[in-house]
Amino acid sequence: MSAEPGQQIRRLRESVARLHAELTRYRLVAWTAGNVSARVPGQNLMVIKPSGVDYDDLAPENMVVCDLDGVVVEGDLSPSSDTAAHAYVYRAMPEVGGVVHTHSAYATAWAARGEPIPCHLTAQADEFGGEIPVGPFALIGGDDIGKGIVETLAGHRSPAVLMRNHGVFTIGRDARAAVKAAVMCEDIARTAHLARALGEPLPMAAVDVDALHDRYQNVYGQRPPSPASP
Amino acid sequence: MSAEPGQQIRRLRESVARLHAELTRYRLVAWTAGNVSARVPGQNLMVIKPSGVDYDDLAPENMVVCDLDGVVVEGDLSPSSDTAAHAYVYRAMPEVGGVVHTHSAYATAWAARGEPIPCHLTAQADEFGGEIPVGPFALIGGDDIGKGIVETLAGHRSPAVLMRNHGVFTIGRDARAAVKAAVMCEDIARTAHLARALGEPLPMAAVDVDALHDRYQNVYGQRPPSPASP
Amino acid sequence: MSAEPGQQIRRLRESVARLHAELTRYRLVAWTAGNVSARVPGQNLMVIKPSGVDYDDLAPENMVVCDLDGVVVEGDLSPSSDTAAHAYVYRAMPEVGGVVHTHSAYATAWAARGEPIPCHLTAQADEFGGEIPVGPFALIGGDDIGKGIVETLAGHRSPAVLMRNHGVFTIGRDARAAVKAAVMCEDIARTAHLARALGEPLPMAAVDVDALHDRYQNVYGQRPPSPASP
Amino acid sequence: MSAEPGQQIRRLRESVARLHAELTRYRLVAWTAGNVSARVPGQNLMVIKPSGVDYDDLAPENMVVCDLDGVVVEGDLSPSSDTAAHAYVYRAMPEVGGVVHTHSAYATAWAARGEPIPCHLTAQADEFGGEIPVGPFALIGGDDIGKGIVETLAGHRSPAVLMRNHGVFTIGRDARAAVKAAVMCEDIARTAHLARALGEPLPMAAVDVDALHDRYQNVYGQRPPSPASP
């Protein structure tokens, strides 16, 4: 936070470029169809993938810096065609530091049917705190997608939303957390698909979903050093 | 375009050899069953994969140069057994610079049932402009497959056609664009399969499909330098 | 067994860290959701994955050593959030030397429906000796998961149990055997899913299942050197 | 054929060891469950994988040489537990130079239901000349599996047989051809599964299947140098 602004953007360029490798590793994206962005903390800026560039060719240098209206501030390339949606989310949700968009196949299949993914798995309770909701159909190019994302997420604990006939958007406190949500969303969408393909998954009690979500958000992983520690 | 012909062919040999790696990366092909070709611009020639050679062993040197009747002009190996179909497409469609053939599993499953893939996804509207159509059953060895491809594509915006009981052919302005269409075709075929496996995908309005297709073809990706630029 | 204790733990740290690569190789895990542990033979200790650490970053040094009540004995990081379940299994089953937990998709789909996997495959008879059973739903954090695993396995020859709405736990004489059981469990769960998706698998006689299991446990693989050999 | 016998066996050890990498590349096998063998031409011998050894650890040195009754002739390790089935095939079918066994998931799902794979795809007509048949259930350890393979293949053009509740065996003029048949069998089994999952595949005329098979067996790939050529 206290980093010199140029250095901060340099680090985010590197991190955003590198995080796209998780999208290909987990096979969430085909060709160039998926993108990661990060908010530049304390500034009205974000770092985002360039449009239509191969994942193998992404590097810190070719990431694009835009302001939160989607206007390019730094970079020779055009930003992702989903820039308006990312920007809308950053404007509307100050706590969000990263946004990811994919068309990962299982999640997008639920989105094509307009069906939210009901919560039948402890891993879904952990990460999503309940169902993964469906947002409206919206055309690319204006604020409709961003608005649909924000309004749908408002009523849920889920960091992922399935946009109807389209694909997945996820959010996180930083880009890495949003990428994790995209990976887990596809994993959950796949397991839920397989479960339902041969019958009906067993219900989980709402109180158990709450308990799991609360524990995971507060206990899982490594504790960051406390503010008092040197 | 103004390159010396020998150099142009050398570049296309390299590009066609290398593009096969995208077919294996996306698991569109098993063993040696799938091939890429490129038209040599301004000449009555194409560069195509040799028949039955391992993807690991493809190199610029072993690509085969044929004329557009499929007769070998350069190269010690026999060309792909699908050469006649590629050649027919180049003869009939002057705007096509690349052709790809695969038996990718999800797309071929639709082809086995003789069902076109209806358009329920924005990514399909973007790349295919509507349904991905089905062409006739045709035996290999003459012009029947090529004719089936060309006649079926004539009525659609799709750069991909599902040949009945057989597999996929895609076209593009160059070989890379045809490979992209093959990758996206399997991705769409898979998502559409998964969507329909558990219910019915929601319809998309034709006007939205048109708007998406138009935007993607004209706005997506990086703008090439304008003719006036140095 | 006769190794110096410090050296023994060093070897187990290395082996447990390395075995996680099999979970990613076979795509049994997403992000950080899956863990391997090993009992330290002859001591009240186990070696287990740290919580929420990337698989790429696992190394002998960051494995955690706990006692069999789950209390950290060596290591700077918090142990896996599933430590209590691993510890319970080691306390209750002295013959168990390794425990693995995953949410592998096909197996977890059976777990979501609460359906055991019936034995229709020789490979399942070999490794699991019959059906792969389902354990109860249990919340993380106390002894409930461990107790559910132990009580369910008690009635079966299977080294794998599907915990309801949750995932898979497997055991083995060492960590490697437990990892093998996790890999085979997903493979069987997938094949069984595919078989049932298009009809009914044919039954196998119990006497054949017994014969296969007995042979596999006693004849398969390389014979260890006999105790009498030097 | 005219090679010195020791050199011939050395080459086959290398080729058999290396061909197992195709089984893992195409994900036909889990853990150690799948094996390749090659007949030593002109001798009563075969080269086969050792039992229960990791695919990563296979090397020319640890392949096992057995006679065609399955008795080890060269090698310190026990041969594959499927050695008796391989040996039976070599004794009964003198034209066979390679045998492969896998439990690849889609093919094994058809085997679990005891359903042959009907021919709805040109790629299946090419390689298999019609349906892929199902052989009987048979216990490992004697001649029953080998006998089941040979008797089932006798009535078909297919180099692959689905053994009931078990898995796949394929044959070829050499080990590489048998591995190709194993790869194509899973590819066809998967596409056929996907096709049938959403409806009925369209029929192919027997005369077309015959024409495709004949062409593929005689025209596809590179022509070997004619006997008269130097």
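A few comments on the model shown:
Residue numbering begins at 1 within each chain, and the chains themselves are lettered A, B, C and D in the order written.
Assume contacts are C-beta pairs under 8 Å (C-beta built on N, C-alpha and C of every residue); 3 or more make two chains touch, one makes a residue touch a chain.
Since the structure is predicted, the reported quantities are computational estimates derived from the model, not experimental observations.
Looking at subunit B and subunit D, not one chain touches each of them. With steps allowed only between chains in touch, the distance from subunit A over to subunit C comes to 1. At the far end from subunit C, in terms of centres built from Cα atoms, lies B. In the contact between subunit C and subunit D, the residue numbers used by both copies make up under half of all numbers at that interface. Here the spacing of subunit A and subunit D, counted between their Cα centres, is 45 Å. A separation of 32 Å divides the Cα centre of subunit A from that of subunit B.
The set of subunit C residues touching two or more other chains comprises 197.
Applying the touch definition to every pair of chains gives A-B, A-C, B-D, C-D. The touching residues of subunit A, counted against subunit C in their complex, run 26, 120-123, 180, 183-184, 186-187, 190-192, 194-195, 197-202, 204, 208, 211-212, 215, 219-223. Residues of subunit A touching subunit B in their complex: 30-33, 50-53, 77-78, 81, 103, 105-106, 108-110, 112-115, 137, 139-141, 164-167, 193, 196-197.
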